[in-house]
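Please go over the structures that come below.
You will see chain A twice below: alongside chain B first, and alongside chain C after that.
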Partner chain A sequence: MTTLLPAAALPGDVSRAGGPGATGRSQGAAGHARRLLRRPLGLVSIAYLLLLAVAAIAPGLLAPGDPQAPDFAHVASAPAPGHILGTDALGRDMYTRIVYGTAPELAGILIAIAVAAAVAVPCGLAASLSKRVDGVVSSAGDLVLSIPSMVVLLMVLAFSQSLNGAMAALGLLTAPGLMRVTRSAALPVAEEPYVAAAKVFGLGRVSIAVRHVLPRVTGPIVVNLALIAAHALIMAVGLNFLGLGLHPPAPSWGSLLSDGAAALDQQAWVIIPPGGVVALTVIALVLLGDAVRDVAAESWAPRHHTPRINSRGRRRDDRRRDAPGEQAPGMADALLAVRDLRVAFPAVDGGLTTVVQDVSFDIRRGEAVGLVGESGCGKTMTGLAVLGMLPAGARIVSGAIWVNGRDVTRLPDRERAALRGKTIAFVSQEPMVALDPLFTVGFQVAEAVRAHARVSRAAARQRAADLLALVRITDQQRVAKSYPHEISGGMAQRVAIALALAGDPEVLIADEPTTALDVSVQGEIIELLSALQAEKGLAVMLISHDWGVVSGLCARSVVMYAGQVVECARVADVLSEPLHPYTAGLLGADPHLAVPGELLRTIPGTVPPPWTWPQSCHFQDRCRYVQPDCRGQAIPLVPAGIERVSRCLHVEVLAGAEAAS
Partner chain B sequence: MTTPTAAEPLLAINDLRVTYRRRRASVDALKGISLSIQPGQVVGLVGESGSGKSTIGNATLGLVPVTSGSIRFDGRDITRVRPRERKALARSLQAVFQNPYGSLNPTKTIGSTLAEPMRVQREFGRAEIDQRIRDVLNEVGMPDDAAKRYPSEFSGGQRQRIAIARALVLSPKLIVCDEPVSALDLSIQAQILNLMCALKAERGLSMLFISHDLAVVRYISDSIVVLRHGEIVEQGPAARVYEDPRVQYTRTLLAAAPRPHGT
Partner chain C sequence: MWRLVLRRLLVSVPLLWIVSVIVFVLESLIPGDVARGVLGVSATPAQIAALRRAAGLDQPLWRQYADWLGNALHGSLGRSLVDYSPVSAGLNQRLPVTLSLVIGATLAATLAGVVLGVLSSRGHPLIARLIDVLSIGGLAVPGFWLALILISVFSVRLGLLPATGYVAFGNSPSGWAQSLVLPVIALSMNGITAIAKLTREAMLDVLASEFIRNLRANGIPERSVVYRHALRSSAMRILTMSGLLFIGALGGSVVIEHVFGIPGLGSLAVSATTAKDIPVIQGVAIYFTLLVIVVNLLTDISYAWINPRVRGS
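On to the complex of A and B.
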């Protein structure tokens, strides 16, 4: 078999996801056990439960004495020499009796969880994979849930006189809950494409359930089993306490508790050892469940190389208050001017991981500028920084964002928030996210109007109708009365734009506003944004990966790669003659511009993650024109024509090569 | 089809109807679709959401029940395949789906995922399975040691390469590709499209290539089928449909799709 294509630049890719040494992950049951033992809580609970298992199987190993032998010198006593946990009302050694009393309780737990798991897990999995089974199983489950469990347990005990029988019944009665948990966890997994792929290659239903669905849902199942085990222990102890389980003088934790309760007036201590052991066991079961769940997920979940994000947002005292009031350099007529913006997340090692590096660009009133790049290039992060809505942990390390001659990065939080919607508005990729499903479209737009201006309800309604007309919705009456689910995606995006315009903003940030829409609607939305930009003199910052969308709306584009601006130019100039290898690569990869039958000109590899960005050219490892000096120093943005800059040392080489090809 | 064919087509879909039953109403997802794929040919299905393009792929793969009509593949009727026959069919009919993050089981290593289609067949020895895994990984441009890793260690584009490798491992004749590049970034999308073009050329693979993106479909397909509301509105050679659409809807689709242009 021939190798058709070169390996896709693995160094960058591997470090993105796993990092060096990620293969060293131990696998299989042995690996699980080792990782479980490495967790302190897992280790302690396993050790404790193992001890209980020994007590249940071979009590003689732990307690050499006779559980029934009385010591009349010590009756109902606190801990004393020879009786580390004291004695009960008949002078029998408490420690020995607790050890011998383990077996019935532990057996009860095991029977209950075994029955619950055996019934619930297969039923839950089957229900998730087949609608027909789901109907039957869910109704049966509801039926069982409606049975009063205590009555059933007492009946089983009355007829069978067996604690184990009662615990099996308890397992059966708790199964519907576990079945529901399994089913609801498994349903989304059953919809995954890899399950469809497995069906296509002929894997049977049982194998699909066991191999492809079960491993994804073990977490919730294990946690629930731990809770069921804890519940079963309490029930078993309770039944023994009431004397409905084991018969005296055979010891059980429940009977010890009940003996203790009877002797409480002689010696309060007698209730503490059996009560303590029950409490400890419940805690151990729950902790073990949590640890097993975490370990099971750990074996395949991604390793987090991404910087750990601080839960606290930007703090007041972090803000730089130095040198206020300086004028925005660059274009004199810029409405929005971003200058040397640097955004970073705290890194795991305590330092900072920069995700946006020295980004500068201007947008004039009535102008649309496209921020172009692939995911991981920092274009959305730049948009959020302008909006003042960076995710928790991320902060502006340096640089300025001038809006109307004011550096908004220096404003207090309250003034910053007041700018949002009123001066700077935002339209996202997913229009439905902007709309509340519980309220009509008209109500939501009117609310947005009232949030920005103190007007009467009637005036707000009128303004909302005007806004809907502004975004070219023809039957505003009907749309205003509709709920979000009643309108199409394209209509929802229009409404989202109307919401954004409610505060009469000057800058509109549109983050991939057409990506989630059908092609026939994409053009309409671009047209609408274009018209609004002209009519209202809006400055539009369009974030997009799609050159088609960018060229439809924007006169100028800012191309970003790995956190940096790599090229800034008029869109027409970029399309006819890109002056950065990344821009050229992006255009070469666009199937719109491709010739069928000829291979697309691809960029090998993927965008490197922020923590691997070099000081020098960020694109060097994927660049076909790379020279030794590209790896040397930081590359500045250099003028490369009228209103155009490029972050490439070898623009002339690129221009020559592109002209030749 | 307008083009006369000497040999029997690899896939022949005739008057296919699929009706989904909801609680009250029923929805006609496909209203009598006929199309065929010749050996070595790539047929592109384009349409907007709700046009039924994915339903055609899913019906071919046996993932949705067919209401009426027939699907013939490789000389046999596969309109309603029993689970047991699916195994034999899997040797010549495979699939690649859209979401690169859901297309691989995150709890299984890549090696285990790639071995599974062969294990189901019960004909391959341990050594042959390992050899084939190495071969397909190389073919899609992934290193051998990828087999020991988990999906979470790979990027979206690499996962899609692995999903393609899984479809290739049994050396099928036809692969149903449902939006295989839609979730990928532009430069990664181009890598995967190149890979698929190379596979088509080297292996003589046939594909049913489903996408909402006319440019992508045009680039990879020999012939294009345009769908709307469960019906075919236009079909023909890719270049002809793209350059000279005969139906208004196709023209609208082409005009609406924003294309890079200098002004």
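On to the complex of A and C.
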């Protein structure tokens, strides 16, 4: 297999991951085989299976004796000199009989996998390249899969008396599974640009399938064939064991087991060697399949930025976290105070990729604060850090999160969990997937009630109804009995808010709570949150990209960009005079604030990925006002008015420019 | 939901029909004469002709099939060529035996597999390793070999459990249970690891989902998150696998019944195969297919029981 196509047609991230060995395309089948042999388990499996092949073709080479010759001195004996695996009930050497019994079982395997591959691979490839073929072949496959295969095998045996015929039938009956594997492996390949290019060049479907698709799917096919072979071996041995295949005195592993079963009460050993050789062969087949799969995966998978835990990084991090605690600085009346919070993922190179950089802000009791920014700026990660629910791999590298004067990052997991729902609650973006689809709405809210208060089921149900009323659901009885799929998105979001309020929390983290909703419903949800804030003195941390939503609910806003806080100010001040180019850009791009008739100004480009963030200004490459000094140094947050800070060196320029425009 | 059941039943009809056709096509491919095969080489031509006429073997194949189908639709599966007893009576007598074994193995595999799978999804590294070892073992050790080893240890050496035979539940419930312990273990070993792996995978998928994050974030106790919400969401996939296990165990029971001398459908199929008793094999094929259909139907109904969306549709 050689590379004929340009690098741009390669799958996935290969160009970025780069480096030699990132893809195995150019190494070809010989490279696959070499790497397979470098795996010890693969090598041992191949050697063992080759040995079996020799036993099947030329048993005399491995066992010089006669498989039928009895040794009356040793009958049904355990291993003894001259009989390394013992003897059977007639005194025949077990080792010799196992070697001679290899051929029928091996032939059965080969027939089954040959038939399965011959039927399944062409059908699977055709199904991946043509929708019409797919419909026919897939439903035929489903039908075959529900035929009880053992019975068909018995019938074939009754009628043909031939194990090989039964094994061919087994190949047919297992073909649908292999066909599915082939089809699902080939489908993504068939949709890749270079296959499309081949179609444009006018190559026929058959030649596309054989030249471009087949080489890419051999990995999964071989793995599945190994499993089919293992299955076929057990079936063949089983049928010989039942005495339905070959007939004595010709040995097969199955008939040896059957002989052993008859002599079981004299000598238990007699069932061990024939069963053991079957088990070893199955293991060899499975391990060979695994090794092929791993080799194929290595050569095709592009190198992702998969997070990997690095022990060195963790130790350094632990030392930092053990530093003596400090007092909660900043506002004395803050309910939630985030201080210099830094969240990072382990990076591929063993270091850390920081996704939240030294973020600080406060939320007072009963206050609503908006965390504003595009997706990828770290606002959701900040929210999850406050909840203590960072995704696997991510962790707080430094900083503190003070809740009611306690640094919760230092709390043990159990105490941290106790805060959730009771002190800090959470409302997510997608109301339709935020509730368990298998339980009624009322059950879930009542369950949340009982999670925080020891009350009877009836009392919890009553409280759940009250909570539903609190979120302005008028028809509580009916809604409580509904399943999530039976209510609208807006209703589901109200229920999710009711569930979050079940523990009477002090601060609610609302992550884009209106984004997935219709515009008309968005306003109602914001109104509801606003009313709850006023009625219950609930503090709200609103995560959003939408200034309309933020201004509808929040008094203050924290604007984040690429992991950093870039501006922190009262919402009214921000709307009238943004003091960071990113804030200005966001406001300019917000459709709610646009002047009718004027062109909406979008910020060119997207938030850069965390591993490319510079030391200096993170926004420099998208900024209209960028100066040489923006690229030279880390930019500090500087005071820029009453209760406001900005991370820009040129606040004055911006203020002037906005005023002029 | 009833529409779902109805559709499943409609699909079953062609399945049954195809199985019966396969049987007849295979029959037409038999080399030599079935009647001679049954009666043996010493039979006189007159005896063979009599059997051929009695069993309808002298009719053309399509005619034989039409007769068989007509009788089958009236509940009769013909008579055995060997002892001339009604096939359906023999099958009905053996059905409860096979069901005890196969249902027992499916239940055992599902229960043990779910426990192992949930524990390993909760991050018990030892259990994860145990499942990996068991899964290679479960694949590599054929059920009938495991059966022989179990017999040699628990029956021959320790004398704890009967090696062979079957006691009907009606005669002695404890005897029935004892006679089933070893066969059920031998038959369920493969399935335990299949269920454990699937449960682990399904649980990890569900535990990563949005609604689980939401429940956790609002303080629902971990016990309820895992055992009430995540396990129930995984149940559909687990039950699908259980249904497949049942079908697999049906095939496996043929050999296991032979090893333990259990008079079920499987051992009947084996003896009928050896004797070339075609009506009996056909009957077993139809019964097995019917069981597959029933299990698929039960799986569908269980979906509806678990998932309100299926129930509504």
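Definition applied: the second predicted complex is superposed on the first by the 331 of 661 C-alpha atoms of A that agree within 3 Å, B and C clash if a C-alpha of one lies under 4 Å from a C-alpha of the other, contacts with A are read in each partner's own complex, and residues count from 1 in each chain.
The rule we apply is simple: contacts are C-beta pairs under 8 Å (C-beta built on N, C-alpha and C of every residue); 3 or more make two chains touch, one makes a residue touch a chain.
Small disclaimer: the values here were computed from a predicted structure and weren't measured.
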| item | value |
| --- | --- |
| Partner chain in contact with A:A469 - chain B first, chain C second, else both or neither | neither |
| Touched partner set for A:A425, first chain B, second chain C, both or neither | second |
| First (chain B), second (chain C), both or neither touched by A:A230 | second |
| Touched partner set for A:R205, first chain B, second chain C, both or neither | first |
| Touched partner set for A:A262, first chain B, second chain C, both or neither | neither |
| Partner chain(s) touched by A:A572 [first = chain B, second = chain C, both, neither] | first |
| Partner chain(s) touched by A:G552 [first = chain B, second = chain C, both, neither] | first |
| Touching residues on chain A, where the partner in the complex is chain C | 143, 146-152, 154-160, 230, 234, 237-238, 241-244, 257, 260-261, 264-265, 268, 271, 275, 278-280, 282-283, 286, 387, 389, 417-418, 420-422, 425-426, 428, 430, 433-439, 444, 447-448, 451-452, 483, 485-486, 496, 499-500, 502-503, 509 |
| Chain A residues within the chain B interface of the complex | 1-8, 10, 13-14, 16-18, 22-23, 25, 27, 192-194, 196-205, 207, 211-212, 215-216, 299-303, 374-375, 514, 518-524, 526, 545-552, 571-573, 575-576, 585-594, 596, 599-604, 606-607 |
| Of all residues in chain B, those that touch chain A in their complex | 48-49, 58, 61-63, 83, 86-90, 93-95, 97-99, 102-109, 113, 116-117, 120-121, 135-136, 138-143, 145, 148-155, 157-158, 161, 163, 166-167, 170, 185-191, 193-195, 197-199, 202, 212-216, 218-220, 238-239, 252-253, 255-263 |
| In the complex, chain C residues that touch chain A | 14-15, 18-19, 22-23, 26-27, 29-31, 136, 139-142, 144-145, 148-149, 151-152, 156-157, 209-211, 213-222, 224, 229, 232-233, 247, 250-252, 254-255, 258-259, 266, 269-270, 272-274, 276, 278, 281, 284-285, 288-289, 291-293, 296, 306-309, 312 |
